[in-house]
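Would you mind keeping the following structure in view while I ask a few things?
The chains carry the letters A, B, C and D, assigned in the order they are written, with residues numbered from 1 in each.
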Amino acid sequence: MIELANVHKRYGRYEEALSGVDLHVDPGEFVFIVGPSGAGKTTLIRLLYREELPTSGTVRVAGKDLSRMRPREVPYFRRQVGVVFQDFKLLPERTVWDNVAFALVVTEVSPKEIRRRVPAVLELVGLRDRARMKAQELSGGEQQRVAIARALVHGPPLLIADEPTGNLDPTTAWEVVQVLVDVNHRGTTVVVASHAKALVDALRRRVVELAAGRVVRDEVRGLYVHEA
Amino acid sequence: MIELANVHKRYGRYEEALSGVDLHVDPGEFVFIVGPSGAGKTTLIRLLYREELPTSGTVRVAGKDLSRMRPREVPYFRRQVGVVFQDFKLLPERTVWDNVAFALVVTEVSPKEIRRRVPAVLELVGLRDRARMKAQELSGGEQQRVAIARALVHGPPLLIADEPTGNLDPTTAWEVVQVLVDVNHRGTTVVVASHAKALVDALRRRVVELAAGRVVRDEVRGLYVHEA
Amino acid sequence: MKLNTWCYMVREAGGNVRRNTLMSTASVGIVAVSLFVLSVFVLLALNVNYLAATLESQVQIQVFLSRSLSTAQTAALRQQVAAVPGVRAVSYISAQAALTQLKREFGRQQDLLSAVEQHNPLRPSLAVQTVNPHQVGAVAAKLKGFQGVRKVTYKAAVVRRLFQVADALHRGGLILAGLLCLATIFIVANSVRLTVFARRHEIGIMKLVGATDALIRWPFLLEGMILGVVGSLIATGVLWESYRLLEQGVQRTIPFLPMLPSYPLMGELAVSLAALGALIGVLGSSLSLRRYLRV
Amino acid sequence: MKLNTWCYMVREAGGNVRRNTLMSTASVGIVAVSLFVLSVFVLLALNVNYLAATLESQVQIQVFLSRSLSTAQTAALRQQVAAVPGVRAVSYISAQAALTQLKREFGRQQDLLSAVEQHNPLRPSLAVQTVNPHQVGAVAAKLKGFQGVRKVTYKAAVVRRLFQVADALHRGGLILAGLLCLATIFIVANSVRLTVFARRHEIGIMKLVGATDALIRWPFLLEGMILGVVGSLIATGVLWESYRLLEQGVQRTIPFLPMLPSYPLMGELAVSLAALGALIGVLGSSLSLRRYLRV
């Protein structure tokens, strides 16, 4: 599903955010990306849905080399990936419904289908009664859950979540993670960058640890920190 | 320092975000505000630095009734409060230095003093080497730490932090909380809204729990969840 | 694209207009003001042309006839002249009529004319108007060869000058209108660009969620079109009323100044402005979008 | 406020201009185009006025003298007339000169004049020019009473019409210029408003950190001023060059059309435009800011 080979990423004149990352993720896997603040987790994730291109090295996702992809193919590629952004990236003046439905509108799903799927996914993240509110009127945690709903609604084969529980209380966070696990069980590949030690330790899935732009650990049933 | 009496807050036509909150915080206290997503923590905090006015009830901070305050007094009042916003609220196209220095510029501190204090506070949050980068070029955790630095730099008597560790790894989060504790020891009143169970439980300070806009718990040396 | 998607885009465009009241009002205002100023220039140019044409049409060829011509001969000659290609109208002025007119033109200085009253030295003549003022020279040359014609004159220098002035005004008017058209597009493109700039984050987010450029672009283009047309409608309304008032004012104070009547003119202008407004809106939006579609 | 704070605000304004290249260029462009169009109108109005004044100054009073006046008497009368308040110039036209001129004016129709050649029926006259064309009537009335004056004429109807046209043009020009000035302020205010709108979040954040309204407002006002002045400089440059070219063109093709010389005119215009640009920028910014300062 994901194949990174000797990937380097440098933003402008600054030092490298990623230096020589190799990573292979099979379809159906559930991977946590952990590491201290500024380690390069978000950068890695940005490469996966082609917000950024690597400075060198190759990134292959769903069989496609993203550096070689033509601009007109990009939208169609992105529809196969659901992304929960660290800063949510909601349309602030649209309603929760519009924000979630937008991921379906772009793929030209019929209005009927939209009216079926949106409430279902909002139910899943516990925001059924917030559908008519504007995104900017929501609390931080509610916004985060809208972002998760939007990433899930079109049932993408690959789901990427960057710090999806940072603004959630432990109970809600646990519920959201269960949703991700569920989705994974139904065959979706899931990549989650997270600082939530409790969750990572409870799930014991594959853990990839980054530090200063390098992969320093890759454990199949790992914990948030290396077992000493 | 803080005195809320029967405070209600309703945003427009929606149901109340706060319904009948009473809260008293003495100078020099350290208070955690906890509660599930959407409970009203951010709303409570917005009332404290007068981003919002209560729908009914009185909010007194540093001896002033915020509803009665004249608009021209507001900037001077806000300078006495340091706020870490849940969504950071940095100026995205300014450098880290400019963002932090701005809190000093507004109080007409001399350039010499600015050049002394800004690096010191950046050191404190571990971002000394990021001073010349633009806020939008930082990782999520780095942005959060800039927000914390800005709230601290002018040494306000009251420090309010809304979810200040949501984007930080446990180690960095712990360091940041130690900074807050330090500041508190030097006399600053600190109010922190947080979901970080581990931190709340480790510090055992006063915990105020909100649920659906009401105070449901107020313990002097509390835990994140009620001891059963 | 499917019909549903088109519906979505139209709804989207309408929603944008409503949501961003401030920016919509600003854009509509700018389009309205620009188109109004543009139209004022166009109307000015059109009216100057009309004035020049009116003056030009008053330039006549005077054909002096032999005094010996009989009435029948005169009538025949007149028909002959009228048949010359390019001639629009011919009228006969007898020697007596010419003297009377001369007296009137001389005004106070009639001492001179009293002296010649008893023996009219003037000739009868034909006043010839051409269809196109530019043909005056050619027609005059042709008339010179006719039987019974003694002399053919026209105010060559005056005609030439008038043409020069009219030409200069025409050319100047065209250049000015062209400049103003460019200015309008520039202003509108800029204001739409600011609108798009204010929404660059929104556009970026849409692209990250997998929207094609077309899906993002069309609502903006439609929005631009709506704003442009609304702006042009306002401009037309104000213009129409102003022109009416101006016409009345001119009628009252300087009635001899010829003005284009508003009836067919304003209708055509309204249609042109609406089309131009739509075009400007669409062009402005599409120019402005290009830069922000690269995400 | 302290000097440091002022320094901060000036640096801030400069920084904004540089940072927001797009918006700065747009605003400068809009100011430049608006001021350019405005100036074109003003120049047009000024030149029409100048033209009218030139034509007006050519309106003369003709004073016909008694044929019996001696040369000395004529000279005395001439001095007397020259002393009348409001008279600018007086020139003597002998009967012979009048006939020659008449012949010239008559052009081809000289048949008439040949008939009167041997006995000149014309009188000598004085051509009188007044300082101010509006005084023509009054001066003429006064001259009527002088010894040796037989008749005083001036083209009353023509003068009246000319005044009407000039007045209409003047008034129309003023109204148009006023409208355009308003339009410019409106356009600029709107574009600055869009700029401010695009930065509303920034402004909100500054207020939350404790910035006073003044601290937020001044950099924007200074920025508006800078943009306005730069825009006006561009407008002046383009205008100056265009006017020069136009002057040359007119000289070449219609030399008899009087035009205001560019020397003192363009300098004054440059200064006025700079002031206007600064004013517009500041006004635009301050109008636009009001709404976003309520945080």
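The rule we apply is simple: a contact is a pair of C-beta atoms (placed from the backbone, for glycine too) under 8 Å apart; a residue touches a chain by one contact, two chains touch by 3 or more.
These figures come from a predicted structure and were not determined experimentally.
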So which chains are sitting against subunit B and subunit D at once? none
Among the chains, which one keeps its Cα centre farthest from the Cα centre of subunit C? B
Cα centroid separation between subunit B and subunit C, in whole Å? 67
Intercentroid distance (Cα basis), subunit C paired with subunit A, Å: 62
Distance from subunit D to subunit C - Cα centre to Cα centre, in angstrom: 24
Among line, ring, star, complete and other, the chain touch graph is ring
Output every touching chain pair, sorted by label. A-B, A-C, B-D, C-D
In the complex, subunit B residues that touch subunit A: 11, 14, 34-38, 41-43, 86-87, 133, 137-142, 145, 162-163, 166-173, 195, 197-198, 224
So in the complex, which bits of subunit A are touching subunit C? 49, 51, 72, 75-79, 83, 85, 89-91, 93, 102-103, 105-108, 110-111, 150
Under the definition above, what is the set of subunit D residues touching subunit B in their complex? 1-2, 4-5, 8, 19, 202, 204-213, 215, 295
If we count contacts the way the header does, which residues on subunit D are in touch with subunit C in the complex? 22-23, 26, 29-30, 33-34, 36-37, 40, 102, 107-109, 111-112, 114-116, 119, 121-123, 151, 153, 161, 164-165, 168, 172, 176, 180, 183, 186-187, 190-191, 193-195, 197-198, 249-250, 253-254, 256-257
